[in-house]
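Before we start, here is the structure in question, set down as structure tokens.
Chain IDs A, B and C follow the sequence of writing; residue 1 opens each chain.
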Amino acid sequence: MRVSGGTHLRHFEQELEKLKAKLLEMSALVESAVYWSVQGVVEKSESLAEQVLKNEGRINQLEIEIDDMAISLLALQQPVAADLRLITAAIKINNDLERMGDLAVSIAERALALIREPVPRAMIDIPHIAGLVQSMVRKSLDAFVNRDAELARSVLASDDGVDSLRTASYHELMSYMEHDPAHIPQAVSLLTVVRNLERIADHSTNIAEDVLFLVKGIDVRHHNERQLQGEPTAPTARV
Amino acid sequence: MTRQVTFRRRFINAFMLSLTGVATLLVVSVLFFILGYLLWHGIGSLSWNFFTKLPKPTGETGGGLANAIVGSAKILALATLIGVPVGFLAGIYLAEYSGRTFAFVVRYITDLLNGVPSIVIGIFAYAIVVKPMKHFSTFAGGCALGIMMIPIAVRTTEQFLRSVPTALREGSMALGANKATAIFTVVIPAAKQGLTSGMMLNLARVAGETAPLLFTALGNMYWSAGWSQPSASLPVMIYQYAISPYEDYHQQAWAAGLVLLALVLSINVTARLIMSRGSSLARR
Amino acid sequence: MATPHQQLQPITTRPPAELTPPPSSAVPKIRAQHLNFYYGTFQALHDITMDIAANQITAFIGPSGCGKSTFLRTMNRMNEAVRNTRREGEIRLDGEDIFKLDVASVRRRVGMVFQKSNPFPKTIFDNVAYGLRINGVRKKSIVEETVQLSLERAALWTEVKDKLNKPAGALSGGQQQRLCIARALAVEPEVLLLDEPCSALDPIATLKIEELLFEIKNLTTIVIVTHNMQQAARVADYTGFFLLGKLIEYDNTRRIFQNPSKKETEDYVTGRFG
């Protein structure tokens, strides 16, 4: 709510903007981490993988700062309605982002392992899965920034595609391991990478669900589109 | 039996209504009756001469009561000069500085002073002003009326200053004003409507006092120069003319009465106008 | 594939913002030491010792009758106007004992805004100029400039600039309170005390005043008594919790509302009593 005219924000709004800015900073770092970690696998680039490991510290620190800020806002400002949903969504998204960062680190570590003991030929189409997952990450964060419910729904829809890709990759890798036991370690690394990518996609869907709650106030978790029905409404006067 | 009770009740109701109604009408009509009577009898004698000429001996036309009008004005001016400042400052002391018991005592004594008959005040003024000066004077008249003004001035000032909310005093002192500054820059201005109208009503009340002037200003058929000569005044002139055996003097007395009444009424009405305008300005 | 936003840069880690503890620095703006205050035989304040930080907002909270207003009014010696009171202990303003200074000068340096707005029955301009005039400032240009500046700081200028000669009583409740703030600011006090300034106002007027407190914090030290603890949470840097005349806890506001050390504080802010 604007108090004076023009662009002057009140104190609380300024604090909310700071929270959003930190969250955006974190999401940018996490997006980059996911990208670099995959590129590290695909391009066999040690420097990219190292970079992901280096930036993990900042991502963890941001998680602490965002939680700290969110709790402070809850304690001191008593937010309601959209402000309250924003802050609780921020806490949850914060958590999902940090987990994504951890998963990116895990992928980077697999990248380093694969560089040391390379795979003779490409076994599965990592770039394809990674591309889908990255697009889900991007869309879920854009949906948060722009409060875009439709974009959030599209992220939820893409999750099934990623799941089926992961299942297909598993079968491929299983058959490969049967035929070429010498390269089982590399196959396992690739399994881990695929699984982590799929989990990153899951976190993106979590973020998308949080965005829907933020924007529409509806709880779509666990495939449950339950509006705030069944809650008692105010009595209406009979004329 | 109930029919009788009802009838009795209704009768008593009607009777009381009539009785109180008639009394009210009486109250209201008395003022208009007096005004009407004075107008009827006095308006004929009001003329340019009345306001500008000295009294002429009976039988001669063209006389007036200019000296009485001027004399009253001088006496009342002096009375105000004596009574208002003393009463005002004492009222400030009572309202702002004194302790509870002292204020109570002073108020009590002031009320007693107010109750002293005006003729006694006149004798008192005679004793302390006229006798040492060895003659009657405007000055003595002013003193007598001034003494009469003091108690009302004290009570009015105290009452209106007390009615100013403490919050205003606090606000002033919180800005660094000491007590006296707060009183004179905030409290008194806040009470100014009440104070002004109170003083005007005070003046209107003493304007018609006759008894004290009999011992002090006495009377004068001619102009009274300065302050130490006896002076004519409207109330005394009315008295003197009214008890005289001459018809033309009676007419002048009616006219003087009309003028005096008009003066007093207009002061009253003005004072009340000031009060009502004041309360609408300070709305919250 | 999507391209990343960031450049490749190492980033140093920093711990989260420390909750700064209340000041115990060399010379706090106001220091109370072992202050006891009595109304007749009733002891309203018990051994209050606390420092008020300069250019911060400090709030006093607590249930009715806990002494917070009494303590506030001791800081500008307004309590002395009440009969039959007694005080022990010290209060120092920038190191000087306020009870040894001239009382009018203490009140010039420590201004006060009251619970119910009390504009004088004068014009808006004269209200704000009052403090200046009684302190000897006569020059018309200075007075006019200061009046405008004070009204701007109190977020009232745009609403009244065309009616400075109208009576102050014509303003709404919220505007009158901001006028009282402007009036207090005109004498450039070092400390501004506010005794439940918003308790008679609607939420929007309250919000305007809270916002302006943030704006003027750097001009003056602010101490606010409020019975609305959410207001203290929103506005104050430091909060002191009073109960039955004692200072129970005094800390960074965040700690008071997030993680208080004393059980009584916790009970009060969570609404268990009071």
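Rule of thumb we're sticking to: contacts are C-beta pairs under 8 Å (C-beta built on N, C-alpha and C of every residue); 3 or more make two chains touch, one makes a residue touch a chain.
All figures in this text were calculated on a predicted structure; none of them were measured in a lab.
Q: Find the most central chain, measuring centrality by the gap between its CA centroid and the centroid of all protein CA atoms shown.
A: Chain C is the most central one.
Q: Which chain maximises the distance between its CA centroid and that of chain A?
A: Of all chains, B has its centre farthest from that of chain A.
Q: Quick one: chain A and chain C, Cα centre-to-centre, how many Å?
A: Computed from C-alpha means, the inter-chain centre distance equals 45 Å.
Q: So the centre of each chain is just the mean of its C-alpha atoms; given that, what is the distance between chain B and chain C in Å?
A: 51
Q: Using CA atom averages as chain centres, what separation in Å is found between chain A and chain B?
A: It comes to 90 Å between the two C-alpha centres.
Q: With touch defined as at the start, can you tell me which chain B residues reach chain C in the complex?
A: By the definition above, chain B touches chain C via 165, 167-168, 170-178, 181, 185-186, 189-190, 281-284.
Q: For the complex, give me every residue of chain C touching chain B.
A: 76, 78, 81, 103-105, 107-108, 111-112, 114, 116, 118-122, 130-131, 134-135, 167, 169-170, 180, 183-184, 187
Q: For the complex, give me every residue of chain C touching chain A.
A: That would be residues 1-6, 8, 10-11, 13-17, 155, 207-208, 210-211, 214, 230, 233-234, 253-254, 257-258 of chain C.
Q: With touch defined as at the start, can you tell me which chain A residues reach chain C in the complex?
A: 1, 3-4, 10-12, 28-29, 31-32, 35-36, 51, 54-55, 57-58, 61, 64-65, 68, 71-72, 75-78, 127, 130-131, 134-135, 138
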